[in-house]
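Report on the following structure.
We call the chains A, B, C and D, going by the order they appear; numbering starts again at 1 in every chain.
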Amino acid sequence: ESHGGAMKIGITQNNVGVDSYQTTYEKAFIEAAEGNDMVETIVLDAGGDVARQIAQMEDLIQQDVDAIIIWPTNGEAVIPAVRKAHQAGIPVIVTNSNIAEQGFDFVKSFSGPDNITQGARSAEIMCDKFKEMGIEDEAQVVHITGQPGYTTAIERAKGFEDRLPEVCPNVTVVDTQPGDWNREKSQQVMEAFLVKYDDIDGVYAGDDNMGVGALNAAKAAGRDGIIFVGATNFAVGYEAMAAGDYWGSIYQSPVDDAKAALQTAVDVLSGEEVPFLNYFDTPKITQDNMGDFTKPVF
Amino acid sequence: MAVFDKREIGSVLAKQGILIAFALFMIAFTIANPKFISVDNVFSVVRSSAILGVMALGVTFVVISGNLDLSVGSMMSFSTIVVLDLHDKVGPALAIPLMFAMTLCLGAFIGFLVGYLRLNSLIVTLGMLSAIHGLTLTYSGGQNMDIADKEGTWFSVFGQGTALGIPVPILIFVALAALLGLTLARTPYGRKVYAVGGNGTAATFSGIRRARTVFTCYLISAGCVATAGLIQASRSLGSQNTVGQGLELEVLAAVILGGASLLGGSGTIFKTVIGVLILGFIQNGLLLVGLQFYVQFVVTWIIIILAVWLDIAAKRGKLWSMIA
Amino acid sequence: MTQPVLRLEDIVKTFPGVRALDGVSLSVMPGEVHALMGENGAGKSTLMKVLGGIHQPTEGAIYMGDEKVVMAGPLEAKAKGIVFIHQELSLAEELSVAENIYLGELPRKSFGRVDWATLTKKTDAILGKLNVGFDARTRVGDLSIANQQMVEIARALTVDAKAVIFDEPTASLTDAEKVVLFDVIADLKRDGVGVIYISHRMEEIFKITDRISILRDGQYQGTVNTAETTEEAVTQMMIGRKLDLSRNAAHHELGEVALEVKGLSCGKLYKDISFEIRRGEVVGFYGLVGAGRTEIAETLFGLRTPSAGQIRLAGKDVKIDSPTDAIAKGISLVPEDRKGQGLVLGMNCRDNMTLPQVDDLKSGPFMAEGAEVAIFDQYRDRLDIRTPGWKQKVGNLSGGNQQKIVIGKWLSMHPEVLIVDEPTRGIDVGSKSEIHKLLRELAAQGYAVMVISSEMPEVMHVSDRIVAMYSGRIMRTFTSEEVTEDSLIQAISGIGQEVA
Amino acid sequence: MQKVNLSVALKGGAIWGFIVLELLFFSIAGEYLSVSDKAFMDLENMLLLFKQSAPIGIIAMGMTIVMVNGNIDLSVGATFAIAAIILLDSMTWPIFAGLGDWVIPVAWLLALTVGTLLGALNGLIVWKTGVDAFIVTLGSMLGYRGIVFMFNGENPTSHLNWTLVDFAEAEFLGLATATWFLLGVTLVMWFVMARTVHGRNAYAIGDNREAAVNAGIRVGPHMMINFAIIGFLAALSAVVFYSESGSVNPNDGQLYELWVITAVVLGGTKITGGAGNVIGTFGGVIAIQLLRKGLGHIGADTSTVNLVIGLILIAVLFLDKQLNIKGKEELRV
């Protein structure tokens, strides 16, 4: 507040460039910051490496920024670094995926989607569709998860696997393999599933990139009638939905995500009250209601 | 005069340890799940191995010439993104040659650094791994690249088409393997590649232009990468920036599994193909058996080491003495 | 009668496709210098490797004193007092001379530290005995080949040896260093050590050895007392026939000048070199190690850029900027370092031999393998190369046969100017005289031949003229009529005036 | 003669010259581009630099001896992760419940032991099968990573022990704990490689393996010891780092092998073995960390960072080559 009026806000992101969600997030963040005369930003990327992220936290503290936004590579490992910022009097805002409870004392606010709920919603989308088709008592589902070890991947998988038996107790998840957030890898995994299982009714993928990879495999093998449900509705997923190949997903905008994080930081620095958990809504999107949503830009 | 050993024929056979390894674990997987050997599955594995395989063909040249190429994964992402982007801008007929030209430029740059400037290939290609990734991100703005009209383009033929009942990627892979295999084994150029990798100084003393030979190896590698990128792009008609990430090590593993020495001077295209198939079938087989992915990691580790060890033991004649 | 220090009994060693040793028995007495002779590929090195624990014998036994011993590895052999000076240099170039000499047995202090003081002291003592011009700390990679050989030899003096094996130690030494080596051997002999000495040089054998054992094709031919035999007799045992050692003295007509060098200089390596070689002429270059002869050859072959001077081929000024260029202009070079520069060891014999002409041996886009095999066969017969077949890896051939492959490789190019650098290093007497004859024949056919050699008999034997070099300069040029050993030695030691 | 000395000094010094260049560049560019008021070459920032170099740096010291030895270890990242898991997980094991904070040294010891054993296992396979170290460790890079996931599925393993964190965050004589470990390891490895028989034999084996075998050096066990050393150091790196962060993701340490190798080669170690030293490696590690830090300081975005880091690696190599050219007289092979 004192430095010539401008707020210096540093952000250390998880792994930009690994997918277009994170890239779009970075772009949107920079744009939002440039649109605000009161804000100067230092934008860093940890490349998925905890050690690098902690070093970046130290660098930001050393550079005396006014606030730090962190997209944790690991929700627990960064706690001591967050504590350091806290001790240095720098407010910390967590974005996209939260840090563990032990660290809550050291952060001002979290802003982002609720991944567990997302997983649960995907389960509901799938179950509803099965009921509509009348196969809720026999359907077999395969599950393609994101990159092993990533919080987002873990939380979505957990949300899905906990919720599915609640809504559709007779649907079985016959196999789970990671697709590493990667369309090609997911396609390969699906190819093997198709050989292995003669009867697959549904595919849940941790995001639409992987979902579309699986869809490509099914198309190539000529297997129709499979219900594909994903998460993080990417442009490819939206298109596949429009084409009638892909059933549903979860609508989540990286632009909203980035703007929310920056706004939270600005609010904190301006002394406004902010809620501690600042979830932005991520609604269900299916072929039925997709008209209500614009096509994702990423 | 030297006496010929009577067991020579047997020992020549016994030297093909890698083939024995391949056969052994094909049998093991088939017992575990008979679908493993079904035509559908075999086609599916070979088709998805084709991308890795085509890249491995080029890297075989580089490795035999005594160098490494760790940039192929990153470069494949680049080709894929570029050809997809250009597809909608200038149409497929122009997009393909343009993408090949751009990828070959990257290959030429590496070839120049390693061949003519004699810089260490491990570091140069490690650097290029990162630099080309940056280039791809800049080119695409970090966004996924997708073809607008996925149904109406003939571009999908390279990845999804079939001819004579065989998937096109497999045909490309086989044709390229034959072409490059003959080049390596039977042409003067192939001989030069072996000589340069075996002993670069002696090759120079024999009038072989070492720099030019290494340079062309990287061009071949880049050409293969571009082909792989083409298949990849055509297969899914859309892609992420990271589509080739991590493939460099898989490719290298396949080449070395096939028996090429990292020191250069040895290896063949045929064996690389075997290496590629082994890797492809391991991955697929373990999926079919239904192991957790992390158990697959461990099993892959053991299989790779056993296969290479078997090969080495066979070459040293130990295997033969164990059997006989 | 004293006991032999070492006794080998019925040693058989087979490699895949090769029976390298076929029942060899041999004994070495204390204080004896025992020569081992045989043609290239006869099995000498293999026998010694069996003794040194590097190869395990397929059959047979080794005794030391009364005791039957098994040399399970080099370490065991060393522990039993057997020191092995290898034919092929076996040094770590990045390490110092001292570390190389004591490789595997560096003196230790507390905490596993190297005892540098002791190491340097011991090494300097040995180097002092050898009278060499470098010290313990020099990096081995910075030494000339000859000096590297001296480092190998120094290893013989490090331990209390019972037996020392020298496998062609003099192949790359000049006369001065040979004298030192022979002193070392005399010392060992005095101390009661059994010495096994492998060499193709008759004059050395007859000068320093007590007995000679002969191998032919892996088979033991017998042992004779050196004092009671003659060169001819030994040669006959080795090759099974008599050898014509007379010089092919016939002078042939010299043609026009094929190669002319004027005022050629290359930095500090050599200065103001001028000479000419006519068609039909063999010109020998003689000098001490480091005289700069190799560097001249390398310049002519496009591997170095001269700083001044001209090169003319058949009367035309040329610039040679690469070996490819040199080959195209009709120059061939048989390099001095066969392992490093001459051969791709992992490649087979045929492919090595045809390497410089791969582009010319095509049928369609492919190699004409039949033509390649024909070339290989031709030079295998002409040079008597011993190998189970063209498919054999060159790295598995004996040292001498490797050298022959290099020579064959360059002869098959039919060059206008043939440069050979130390062409008979490690070559047996029979083949050596074949090669000498060949060089003369080539000249007779109109080739211009430049022979670089550190063996005086060789240069005197084959040359029409001899260029004596000292320290990068030409001291004098002799015709074969006027040259004498004394005047040649004088010229290469820097005494005498410059006649360019 | 003087000229020779200068060129020798330059030869070993390419990396240090490059570090100076980086410092100058980022200081000047920082004046214009950086949002921060603090100078790049601020003392505190430089001290941070050492601390932040520790995770890669400690492993790089081990990689130096392994590479000088003529081998390579691609599995260090996975070993790093396994050691971290053992460290954090073992503190919660019931058998150690009664130990209080004494569980810390026990956990350290366990993690280090496991790291050493994993390294030794690589070495044993290389020794006994004769398979190239590149393949063996490429395989175990996969295999060890699989073991990481077996511990706790895809979930992170966490145990935040504030005593441990406070120790790890502590400073002694102005230097952070991690910095002391980095300096200590560098010193010890320098001693091992330059002064001990084991170290000298490592050079001999890497330089000319056949000669070493002929000289009676037991190459197999020797290499295994070096693999054990790098396993130990990978574990030590994990122990130092995770004491401060308290949680490990199953894919932590990925790509470390590439960064470590890059640092070692930039520091002048020959990939084929036989030449190199830890002081150069130290320079290589610092150069890489400076680059990362500096690019962040001047606000480069992700794609630029990737592009620049890649091209700079190549530029350093080029510089090094130019300094090593002996002159026109050199043989052109």
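Just so we're on the same page, a contact is a pair of C-beta atoms (placed from the backbone, for glycine too) under 8 Å apart; a residue touches a chain by one contact, two chains touch by 3 or more.
Chain labels with UniProt names: B = Ribose ABC transporter (Permease); C = Putative atp-binding abc transporter protein; D = Autoinducer 2 import system permease protein LsrD.
Keep in mind that what you see is a predicted model, and the values were worked out from it rather than measured.
K.L.:
Between C-D and A-D, which chain pair is linked by more C-beta pairs in contact?
P.N.:
Between C-D and A-D, the larger count of C-beta pairs in contact belongs to A-D.
K.L.:
For subunit D, which other chain has the most distant CA centre?
P.N.:
C
K.L.:
Quick check: how many Å separate the C-alpha centres of subunit B and subunit C?
P.N.:
43
K.L.:
Starting from the mean Cα coordinates of subunit A and subunit D, work out the distance between those two points in Å.
P.N.:
From the centre of subunit A to the centre of subunit D is 33 Å.
K.L.:
Find the geometric centre of each of subunit B and subunit D from their Cα atoms only, then give the gap between the two centres in Å, rounded to an integer.
P.N.:
One centre to the other, that is 30 Å.
K.L.:
Can you tell me which residues of subunit D touch two or more of the remaining chains?
P.N.:
In subunit D, residues 149, 302-303, 305-306, 332-333 touch at least two other chains, as defined above.
K.L.:
Residue numbers in subunit B touching 2 or more other chains?
P.N.:
Residues 133, 137, 142, 201, 204-205, 293-294.
K.L.:
Check each residue of subunit A and list the ones that touch at least two other chains.
P.N.:
Touching at least two other chains: 16-17, 23, 26, 148, 178.
K.L.:
Mind listing each pair of touching chains for me?
P.N.:
Chain-chain contacts present: A-B, A-D, B-C, B-D, C-D.
K.L.:
For the complex, which residues does subunit B have touching subunit D?
P.N.:
Against subunit D, the touching part of subunit B is residues 113, 117-120, 122-124, 126-135, 137-138, 142, 200-201, 204-205, 210, 249, 252-253, 256-257, 261-263, 292-298, 300-302, 304-305, 308-309, 312, 316.
K.L.:
In the complex formed with subunit D, which residues of subunit C make contact?
P.N.:
My answer: residues 52, 54, 73-75, 78-79, 84, 86, 90-95, 99-100, 103-106, 108, 111-114, 266-269, 298, 302-305, 307, 322, 341.
K.L.:
List the residues on subunit D that touch subunit A in their complex, please.
P.N.:
Touch list, subunit D to subunit A: 34-38, 42, 44-45, 48, 51-52, 55-56, 149, 154-156, 158, 160, 165, 169, 241-242, 244-252, 254-255, 289, 292-293, 296-297, 299, 301-303, 305-306.
K.L.:
Can you list the subunit B residues touching subunit A in their complex?
P.N.:
Contacts found on subunit B: 33, 35, 38, 40-41, 44, 48, 51, 133, 137, 141-144, 146, 150, 160, 232, 235-236, 238-243, 245, 283-284, 287-288, 290, 293-294.
K.L.:
Okay, in this complex, where on subunit D does subunit B touch?
P.N.:
Listed in rising order, the residues of subunit D that touch subunit B are 74, 125, 129-132, 134-136, 138-140, 142-150, 258, 261-262, 265-266, 271-272, 302-314, 317-318, 321, 332-333.
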